[in-house]
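Here the chain labels run A, B, C and D in written order, and each chain numbers its own residues starting at 1.
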Amino acid sequence: MTKTLRQSGTLAGFVAIIVFFAWNLPETFLTPRNLINITQQLSMLAVVAATMTIVMVMNDFDLSVGSMASLSGIVAAMLFAADYPIWVGLLAAVGVGLLGGLFNGVLVSLIGILPFVATLGTLTVFSGAAFLISDGRTIFGRDIPSAFSGFARGGVPLDAIGLEGISLPFLTLTAACVIAICWFTLEHTTFGRRLYAIGGNAEAAHLAGLKVKRLRLIAFGLTGLGAAIAGLMFAARVASANPTQGSGLMLDAIAAVFLGMTMSRRGEPRVLYTLVGVLMLGILDNGLTQMQVDSYVREILVGLIVISAVAVASLSKARR
Amino acid sequence: MTKTLRQSGTLAGFVAIIVFFAWNLPETFLTPRNLINITQQLSMLAVVAATMTIVMVMNDFDLSVGSMASLSGIVAAMLFAADYPIWVGLLAAVGVGLLGGLFNGVLVSLIGILPFVATLGTLTVFSGAAFLISDGRTIFGRDIPSAFSGFARGGVPLDAIGLEGISLPFLTLTAACVIAICWFTLEHTTFGRRLYAIGGNAEAAHLAGLKVKRLRLIAFGLTGLGAAIAGLMFAARVASANPTQGSGLMLDAIAAVFLGMTMSRRGEPRVLYTLVGVLMLGILDNGLTQMQVDSYVREILVGLIVISAVAVASLSKARR
Amino acid sequence: QNVAVITPYLAQPGTQAYVEGFEASAAERGWDVNVVDTAGDVAAAIARIEDAVVQGVDAIVINVDPAQVTAGLLAAADAGIPVVGMDAGSDPLVAVNVTSNGYAMAAETSVYLANRIDGEGAVVMFVFDAFPPVQLRGVVADAVFGNFPDIEVLDRVTPDVSDGGIADSRARMEAILAANPEPGSIAGVWAAWDQPALGALQAIEDAGRADEGIVITGIDANPQARDAIAMGGNFEASIAQDFTGIGAAAAQVVEGLLAGEDQRESVIFVPTQFVTVANATE
Amino acid sequence: MSLISLEHLSKSYAGVPALSDVSLALRGGRVHALMGENGAGKSTLIKLLAGVVRADRMQVTRDGVPVPLTHAQHAHAAGFRFIHQELNIVPQISVAENILLGQRLPRRFGLAVDWRAVRAAASEALATLGADHIDVRTLAGDLPAGEKMLTKIAAALVSDGAAPSLYVLDEPTAALTGAESEMLFDVIARLKARGAAVLYVSHRLDEVLRICDDVTVLRDGRHVSTGPVAQTSKAQIIHDMTGREGTDTYPARATAIGDKVVARVRNVGTKRLAGLNFDLREGEILGVTGLSEAGQSQFLQLFLGQERVVTGKATFHGAPLQCSPARAWDAGVAYIPRERRAEALMLDRSIRDNIVLPHLRDYGALANKRAETRDARDMSSKTRLKCDGPDQPVGQLSGGNQQKVVFARALHGTPKLLLLDEPTRGVDVGAKYDIYSLVRALSAKGCPVILTSSDLPEVLGMCDRILVLQGGRQAHLLQAEGLHSSDLLSFFYTPEVA
């Protein structure tokens, strides 16, 4: 009973928010265009949050995703600026993300540094590297190939299903793919289930013969990869790269995962619930802006709503 | 043996850094004026880190200290601007810090939200509140009484001990007092011992008759108080208040506590080691700037040095 | 009429001033203005532009590099909503950009500084290349100082701006002063905006080196800087953008666009004012 | 029949030897008991064998072929299966996943996990244990303690191809009820019949004599004796373990129970308990038993203020029961929780810190390390704790010695009521006797004791009266005098007599 309440508490809040905006913004909120817009706006955050879920499943963290996103955007943009073909830039950026993630993994799993400290350190390092190779500048304009930034503007036209003039943005599709892969990996592969086992009881996992170190290493690599993809999406969307642009992603991604955790049975992170968390944050921003709520009040409201959702979940859990 | 190495690894690094700068900057680094300067620059961070130690002893966190520092600075400045006497502003700011800290405490201890989520939420709320009441503006100039900003410029002259023209800044003294109080509280009172016990095993502490909820509540209150004091020091030092000025403190404070943890015997946070962590960060900044190291390279170096210190500590711990 | 003002930079005093100028002019015209700050997040600025388009506002005013928010601008163009830039940069998708001439401002302060130190000595520069409008100031100043053979740029510092820019600049300057203890070893400090200039001033005064004649210049002439300049100390000059004027001019442009007028110029420069001790209190 | 021989097993921690050159041969089809006092090195030997702790020196061969053992996976591949001393369940995942932990889950299309096959394999393993009443979809954390252990045992029984050749069980019955233990013994008999070797660690001597074929005794990390069980005796084993004469009986009551009623409980019901009705007198030792999870722990927690009185009236020294552990300890209640690692100990803190934890207030507002150290040392010697000194972290102690630290904590000061939940779990025979003597001494001073244990002889040997719970309800209140294990067991099932 209360278990259901706890699980559905945040979901109920989510639905309440949607109903509230639909009521107050009858013309503009629940329109296909607005909804598709929201998914596009959230696509970068969704990618980071979904891949962040992979490490959080093991009770780990990655604070460096934001600066990794910036760094990978910068790497791609610098290569574009040096007239390398697009695929080189993309590959390099993704490679940097994977390597950076694995570096986090080495620190956390092989050396045994607490994830919080290790990724706090690499946050600084990645961000410094982004500044260093870009010389602190924003790279934009002709340096960014239009095929690259065009990707973020394009989409699959939805005329066929009766939505004239609306298209499903490539960014949304990319995010959907990443989420689907993360979901499948975590929920339906031995690899994913092992990560959950590590999160539940690392010692038991170790005693059962799981290669805890290797698994953690890989998981961090995947999170770094996700951050790099998000960084590329971000750079395409803003048609430019600067060394701080990803920094807002980290706290939001963690908040989304935590919001999601209030929805799951044992309070463990799960990708689809993370997605609900992401949508909740994005819809609040969209709806409150449309209602012309002052940006500062919006900030306070978002904070309070997140706290309340988690508080309701915690309280009903405690009463269980 | 290795235990000693582990404990002294970070300390040895600290000494090595000092020796390195003393060698490379023979005229200017180890001068009384420069050293006193460093202590003054670090005074705010030291206060936040020392009081952050109080919650981290219980394995908790407070991500909201930075925005709490900004908020308390803004509250004081707004009251100064409205021509209230200085003591009213100070009291209100400190009161806000204590209340905010207790609010965190309620969320974490009574409601049972994970500290990371709870304080991530209040970070947003406090920062929104700071923006809202200041209308996003920087408050400065005639609005800040000179008696208030004068405090940050004043100090106790050290002519008596042969340091002509140098004075020990009041900010340094304030930080020293806060650190001394935190140190005494954590190491030499039963209250502090209890906090350490909660960090050791909260469930066991509860069943052994410790008032875990109340203790956590108080500890968070103290951390909020410390953040508010740091916010006031900051506002006095820059003779102005703006709604983001404390935000850099949070990650640095946490980094300092973690650096300190690598020095302690069982990896638990201790105030004096936290202080070494703070000094290490500050000295790196000061020395590298004096050596005209590019700011981006400096950032990377600081990150790498922190990671290496922690890595050495973890490795020697593992080999134990 | 319903106008959305969207910026990631509202925390900057300058942005605030022209947003207020715009709001004042808009109020006179009876417009409904929604100011949206995305706290440094450019992608969120795109999102908020899209939200404003969905919401069906009559015009959008931006203070962000248009090249970075092209996605949002395209959405606005599709919906036929005019976009006006306030100190935003030129772009085909922005009808008009109302701004001050950043190149001229940087040139004026750096030339002032070079002349005050008689074209010789060591200069500390405070720059911030991540933000395009500030970055170009640094480029201009580099060129000016490079043209004086006896001026040596001692350090080119990028302060941490997350604390507002004063405190970290001050710590950097304290370290530089410590590294250069000889009187006269630093001739001037050129800052690309006022906060680092104020931090450097505090550092110099506190180090007891206020009487060495180190010349400081800033840009923006925010009230705190004006106070400092008016004191007649080391902080000698800054340059004031007419923020209120920019806001008002932007409002006027919006009004014209809404009335269906054609805009001939795509950039409108609002005059700046050089501020020294002589006119700081005006 | 295979022969697994372990030779020259040596391991020292920070220079202190935990195991010195121990050799042992395990034969297929035989159950080999490994005995020794707490800290003798049994679990260390097992961890070396499991590949989770690196040996200083070790040579393991099966039928003459060397087996490398530097990782848990090697042990698994060699067909060695383990049930470690501390319960290592993953609470957040299902029983089925726990049972298959460490193996590649069955897949469909070579990609997605085939959940149906996972459940089938897990159910099958549970069925061989006779525990098919456990739903494999339940989250493991929601199971009662005994069923968690059964899950763990089932995990050891699941085989993926290679037929396991060695089963190692480290105190498996410590968390099981009598009936569950019997089930386990059946399984062991079947494994034995299949030709597997079994290495069995337990501090319950009767059990060892009953199911084991051979016995090896360790003392201080050294090999003392090995031989067939049939040719030894309880007294001999105890002598080998402790180096002195000893017994596994219980110290007799020396003083009479007082007349004063200390606690009065009338028709008390709580969320999980009902119909409690009894008086507790000065110096009385009350046993609480029943089937697994019949409410024993809740019963103790009633006096700790963790379980709230909902109906009825309960008083302690005339006042209502305290409503929080903090107040209860203040009122003189001392408590030993069931799960020492989760609920009692700060593993990375010193023995001293752990012992003085509930008594901090007695040392004043300012910390007084000297007095604390003195008291900790005093209590360590009273409980015969094997340690390097009061500054050693508790996590480095053997399981039984950790339990003694918890005991030292509860006995420190002068408790007015002692609550013991499975107090001697994992404690060796000699130390058990010492602990029982301490409990007796306390009761002689008038302190009443409430004890619950799945070890029925312990309950019968120590208690004056025994309260039997059935599904949280008080069913019987018996005089212990003259009662036998089998009699007591039958009361677990007989309905309450009105």
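In the analysis below, contacts are C-beta pairs under 8 Å (C-beta built on N, C-alpha and C of every residue); 3 or more make two chains touch, one makes a residue touch a chain.
Treat the numbers as computed from the prediction; the structure is a model and nothing was measured.
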For chain B and chain C, chains touching each: A
Per Cα centroids, the chain farthest from chain B: D
Result of counting contacting C-beta pairs for A-D and A-C, higher pair: A-C
Chain centre separation in whole Å, for chain D relative to chain C (CA means): 70
Distance from chain C to chain A - Cα centre to Cα centre, in angstrom: 33
CA centroid of chain A to CA centroid of chain B, Å: 30
Inter-centroid spacing, chain D versus chain A (mean Cα positions, whole Å): 44
For chain D, residues contacting two or more additional chains: none
Junction residues of chain B - those touching two or more other chains: 131, 136, 295-296
Multi-chain contact residues (two or more partners), chain C: 10, 37, 158
Chain contact topology (line, ring, star, complete or other): other
Touching pairs among all chains present in the structure: A-B, A-C, A-D, B-C, B-D
Of chain B, residues touching chain C in the complex: 25, 27-29, 31, 33-34, 37, 41, 131, 136-138, 140-142, 153, 165, 234, 237-240, 242-248, 285-287, 289-292, 295-296
Chain D-touching residues of chain B, taken from the complex the two chains share: 187-194, 196-197, 200-201, 203-211, 266-267, 320
In the complex, chain B residues that touch chain A: 107, 111-114, 116-118, 120-125, 127-129, 131-132, 136, 251, 254-255, 258, 294-304, 306-307, 310-311, 314-315, 317-318
Of all residues in chain D, those that touch chain A in their complex: 50, 52, 71-73, 75-76, 82, 84, 88-93, 97, 101-102, 104-105, 107, 111-113, 139, 141, 155
Residue ranges of chain C in contact with chain B within the complex: 10-11, 13, 16, 37, 154-155, 157-160, 162-164, 166-168, 170-172, 174-176, 178-181, 198-199, 202, 206-208, 222-224, 227
